[in-house]
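Everything on this sheet refers to the single structure shown next.
Read from first to last, the chains carry the letters A, B, C, D, E and F; within each, the first residue is number 1.
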């Protein structure tokens, strides 16, 4: 599991890096999306991995070590929401810039050759 | 039943008030400017009073050891989110409220009408700023950073034009990526230390094993990079000049404050986590901060010299100020930090005033005309002397010129205003603390030299700009100036003057602030032992 | 009045049932809550449902239809699986066919499309507006007419019985 | 090193006389600034009044001064850092105070007549008074840092005064140049003062002056000396910083006379005299100060001869005389110091009067060009006489004050380097000759014939305009004839105060007998006359535009060039040290992310290698998919946006599956919903991005540089990915330390009243985060909405999409609602409409169970929003909005208020913000119900999420309407021609 | 697998069988998606996954949980209903999109043949 | 072979099948060639994810996974519909 998650984070983050270094706004936003997946899983992994131990405590007498760490999950939840919002914002700016500048370059103008 | 004393609630109010005001403003129709403005200003005045009250309370007026803790949702500290007020926080809150009030009044006649929801976003921005200053929890800091940034995205694009959207794209993209770094950093810190509470982290750091220490250091470094991107450290702050130059004046003034949040966060985290009690990590990264700060300072100085318009120049001025502060944090030591904070106050106020001023001077002289003036200055050296009779200066122009000069003096650190006092006290403190071998290290000398050179660059650039705006503009119609535009600038400049004149008392306060900051153990006691209010019994049925 | 506050008892019942299934309980509190939701949701959703709610007149025909369809689904499933696994794809005769429809009731058409699409090997494309013909894609077509007949008799006819009969009578009453 | 000394301030006794000396001019400056434009007389009276007041105070203080008392007055400024506002008056300061005030008074009187009635004099007098205050501040500072403050203030006021006629380019240029040079010097001075303070442990002048030994023996002595010297030499226009002074002549003549000859330029030499006890007496002192002085003295005098501008000539002569003073200070013997102070005073008198005379000539004739002027003694007899007297003093003619101090100078040069070393004396005599020559050149304008028609016909100036010149010339004469009586007591005061125990015996007399200095004077006098004659009649002095030999060095040109190249260099540096390109910035950020932690933190410690038993091939299998999708998306995003979007969706599904697999059902639910909404959102946005078509040419044209860059990015991406993978792995194989997580698990049910710990975290433990998070949502929604109101689509995507324009598609003839009611969406629409209430109930379900099981306000809000969104997709925005009214703004506002007020409710119970409470309801049939306040809070979250999603999506969707509306209008416009068989 | 051990044989056997069958059908459906020659054929592949594959697994789930929890657990029915209600929508939408996209492509090809300019479309 | 091991073998087999199915879908997603192919593949991926959730539920004997499956069943189609509509009409909401 661990190695898979590590590689997963790596692949997504690497793809994200590649994309955010590209010149077109859509590439950038795609990169941001991939990076946000990577980062979310990364945060999640910081609570270590556990299978079938959802943090749902149906009785008061429990052993906390038998549950997945709920804190990173809560953090990821917040991060997902914020990531969603900011992606939306960037999207709107992206199309706004395309309309206003006539270019989909991330700098809002075509680079001079 | 131990109810929470009412005054204790003051800690959360700087976040709550703008939240509620913002929420109330959302459904109000765009056409009701006056109502919106009134609500917004009233709330900001309240915030100012609140900040002033907190300042008094934190300075021994209510909390004897200068630390007020508020357990949001009533959960004890490392578990729930704790808000913390000390002298530093209170100071930053007051600074924020001051600039915010000035900016709001300034925007009353024009800027709140060019787009929608200006006041809403503005209130949310205040909420984010205040939250970032108040919170003692790293992830909560992220949330408030995002609140602040999200609002600033909206405000940067306020008045939507080509330039703004170009700059906005850059600003937003970089901050989005920086936010990822923030998250990575916080997550690593949690993985290594098992806590998110900053004070708790400071308590735990010495007890960590080697692996955890390694992870923690990486985490904090990553977090630091996120802060420094927002604080515009070289080479992470290239977004800043363009953004400042294109944002509308009131927004640019608020942005000035926002770079300081990055610096503030660095200061908080580093002071708390890597203090003397940090075991293997004591003093971690301070030198890097100094070097980064100095590089930033240099870049800002060079940028000032290279820029020809006020907005951009102010942007580089903000970079200089960030660089100086970062280097000061890096060169840490009690009295130096106090000087750094004093510098922060003065430069932020002046820079904010300058941002507002730039917009007014652009009315005299549209930025396009500046280019012509440059060539004029460069080539018309043997200009035929004209009639030796001076020209009268209209009152508004005199006002602008005077304010410009005052801002320029503060920004460049020329005597006699607060910029100079700050610089002097910085140097004084740096030379006054001696390392054990009695020799001032080269880095300190380098820093002093850089600050002086930076100030020089600033004054050369600002003088060039000022001469071009006020002297070389030929026959100009005096700009129309609203009272609501002049008053905030006057107020901000007056604050700078007051800072200069009252340097003694201000420094007394700052010395107490810094003395408090270095008492990590006090924070530990106060934050981690702050009792929750007794809960009402809740689960009796089950 | 009844129609306004309970536009479709059937739908409300379905929603209540769903609520109870979801919560896996028949506690009174949930019964009540489910009932409230079952009543409120259709009322709130009503403005967005211009075609009204379905009425089913012959449940038995419906059940028989469903049962037969299930058998047909299983059968087709194995046919399609066989083709996927063992046949060369070039040999598969995939075709579009047109089937003239008499069925007009929206819910009837919906049910028809559900049955056709659920049956592996056939996909509903659209109803050609002018001719009211169904454009159908068949995975492995042997005999076009067989398909047309089967669909008209095995599917369309029962559906018309279920959905359109009472409405016709209603219309007759009103006119 | 000593620790910093805190000097107790003197108890301020009686009236703050010294403070009033400094502050009265500043206050008067403010008053002057606020007077009307034409208040020339009132301004003059005010300024003169200030000067007179100062003089009275100074005279009142004379008795104390003559007793050798040092007056100290002050108050705290920044006591912790050794910074007081401390005013200190001793003999030297008193003499300089007197100088500043007397010349100031005369200049004010002169300026009253000099300034045109049309000039905006309030500004002039305001600046002049401010300068007076600053200069007095310099002179009276008892604290070195405070001295720097006033020092820079004199630079600033000088800048403002030079730029007084700012519509003239030469004035602007001169002002900038003067300020740049002197302010730079001021900064050096500040640094020097700080070093000095560091060495001594105090900035208090008295303490510093007493610590000469300590200073001179310190390692940092040379640094301090150099820095302070830079400050002094720039201010006093010493070579090679002299060039600003001639350009400062663009200022009105009263300013030149006051600042640039009598007072401000003397601040540099004043400072050197002041610090003489602390700094002098070392070879470094002599070499640095003396060296600069010698160079200046010769160069200034030589260039002065070749000036054609009256004021230019005087400016260079000033430079030369300041050089003379500097040399004396550099020699540094007590007698030299006496000579230096004496010459400072003498120079002030004759040079101020000469400037005023020059101003009168300029004023009366309309020109300052020496080549045009001639024979003025006929038209301006009195002025001519006065100017000749002053010039003679400048040239060092006996019986005038200049002669005396120059004589002393010659005498001191003889002492330098012992008996064998003559070079200093030779230089001195050469300078003497030059000064005779330029003095002759100056007075030549009164003789001979006029060169031609003058711009104006000159007359004697008004009585009171000439008066200052008369007084000063008279002083030259009096001092020259009877020095001991006239200037003696004053000079004694200054000398005693500055030299203290080193005060020498000296004799102020006109006649010292026949001696070597006298011989040197005679040589200089006659040599000068000869030199002038030769130059005049043999070398055609009038036609020369540049000084011989020295024409190659042009300080002003060097300044301009350096300023321009500074800007160019700065631009170059900014381009190379910075960038305005987003890609490069992100590249840097990523590089920093990779390198900085490595550099700072270094190698990881040894990690235990993971036992592979936890490895699940199935899990690896799904990440095969996730990874492939991610990489493919990265590959496709440029030319195949939709494909990339679909691929990202694939990664999203796998991410959700991962959350589910690894015990995070809440995350999985949220991820799934966000995935859906994001896809729709991006599709709505994609509509406005015109297609990007891959062209073979572009690919082929990609230069080698492009490929290098791509390779670099690829490497960075791989490295970054690898680094994150390693980091993740490192954490995962390392057991968690003592975390705060257990607390949440243990207390969620008992303290938070919910069994879903994640939800309890969100609405209770960390509800404060959630509060902020929903604010972010609201902000973003509002921003999106605001942006879209001003949205202007790209021209190539503004039209109705291609897909809707094909006649064979029946849908192209239908409105969206027709499509849904009878068109191609008819059958799907029935499902979509039927599903609506089900989705609503499911949303309620997820909301209700959130506290105990996966779900909650956020997921529920998204489901609800998607349910409505589906209706939008089905029937179009117009139809939906005609049938239901959604007010997303209200949802947002109400949601935020609900969440906030719920939190606030706990105040009523004396609890902190957001403390959750549970209401226990006992209902008849239903039994006991627990309604936690967190539930209401969650309702706020729900509302905000619904509001946000709806606002953003609907705002985006409405853009399409705009295109259709526009198309409709165009179609209506083009209706006539398109009627028969339109192209659509 | 602790719960699975308590499962009675009457439940275990059908559950296992349905699981295997459901898995296989899903696999075959996906294989169809991959293997078949053109889009109109491929769309028939996933249909078996959606109907019979999902059906088998859902029934398996119902039996399994009913047996382990000793009470009737049939809320999987909801999933079946929703799948049956949404799958046709998806099929109809994608299919029609494909048909008209192809028509448009042909149309454009024709136009190009006749010499009119055809604008490229996004893919 | 006990019932437990039989069952666990069956679940593993089913899971393998579903994961393989997902991989095949992904291949189609990558290959395309047309946009509708990709949309179809994505939709199938959603369905497979639903099956995966159900199977995980059986594997762990837990009801926690049910909601995810339910959500996919009810709402998973939305993004597919949006994509299809985009392909057909060039915009999602008209």
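Rule of thumb we're sticking to: a residue touches a chain if its C-beta (ideal position, glycine included) is under 8 Å from a C-beta of that chain, and two chains touch if they have at least 3 such contacts.
On a predicted model such as this, the values are computed, not experimentally measured, just so you know.
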Open item on the list: Taking touch as defined above, what minimum step count separates chain C and chain D?
Closed with: 1
Task: Chain of greatest Cα-centre distance to chain F - done: D
Open item on the list: For this structure, I'd like the pair of chains sharing the most C-beta contacts.
Closed with: B-D
Open item on the list: Can you compute the centre-to-centre distance for chain C and chain E, using the mean CA position of each chain? Integer Å is fine.
Closed with: 18
- [ ] Report the inter-chain centroid distance for chain B and chain E in whole angstrom, where each centroid is the mean of the CA atoms.
- [x] 56
Task: Computed distance of Cα centres, chain D from chain A, in Å - done: 39
Open item on the list: For chain D versus chain E, what separation do you get between their C-alpha means, in angstrom?
Closed with: 66
- [ ] Check each residue of chain A and list the ones that touch at least two other chains.
- [x] 20, 25, 28, 42, 46-47, 51-52, 54, 56, 71, 78, 82, 85-86, 89, 93-94, 96, 100, 106-107
- [ ] Provide the list of chain F residues touching at least two other chains, using ranges where the numbers run on.
- [x] 15-16, 20, 22, 25, 35, 39, 41, 64, 70, 74, 76, 81, 85, 87-88
Task: chain E: positions in contact with at least two other chains - done: 29, 31, 43, 45, 50, 75, 78, 82, 85-89, 92-93, 96, 100, 123
Task: Pairs of chains found to touch, sorted by chain label - done: A-B, A-D, A-F, B-D, C-D, C-E, D-E, D-F, E-F
Task: Residues of chain D that touch chain C when the two form their complex - done: 810, 821-824, 826-827, 830-831, 833-834, 836-838, 840-842, 844-845, 848-849, 871, 875, 880, 883-884, 925-927, 929
Open item on the list: Using the touch definition from the top, list the residues of chain E that touch chain F in their complex.
Closed with: 1-5, 7-9, 12-13, 15-17, 19-20, 22-24, 26-27, 29-31, 33-34, 39, 42-43, 45-46, 49-50, 53-54, 57-58, 60-61, 64-65, 68, 75-76, 78-79, 82-83, 86-87, 89-90, 93-94, 96-98, 100-101, 123
- [ ] In the complex, go through chain C and note every residue touching chain E.
- [x] 18, 21-22, 24, 73-74, 77, 80-81, 84-85, 89-90, 92, 94, 96, 110, 113-114, 116-126, 135, 137, 139
Open item on the list: Considering only the defined contacts, which chain D positions touch chain E in the complex?
Closed with: 640-643, 691, 693, 802-803, 806, 808-809, 824, 827-828, 831-832, 834-835, 838
Open item on the list: For the complex, give me every residue of chain A touching chain F.
Closed with: 51-52, 54, 56
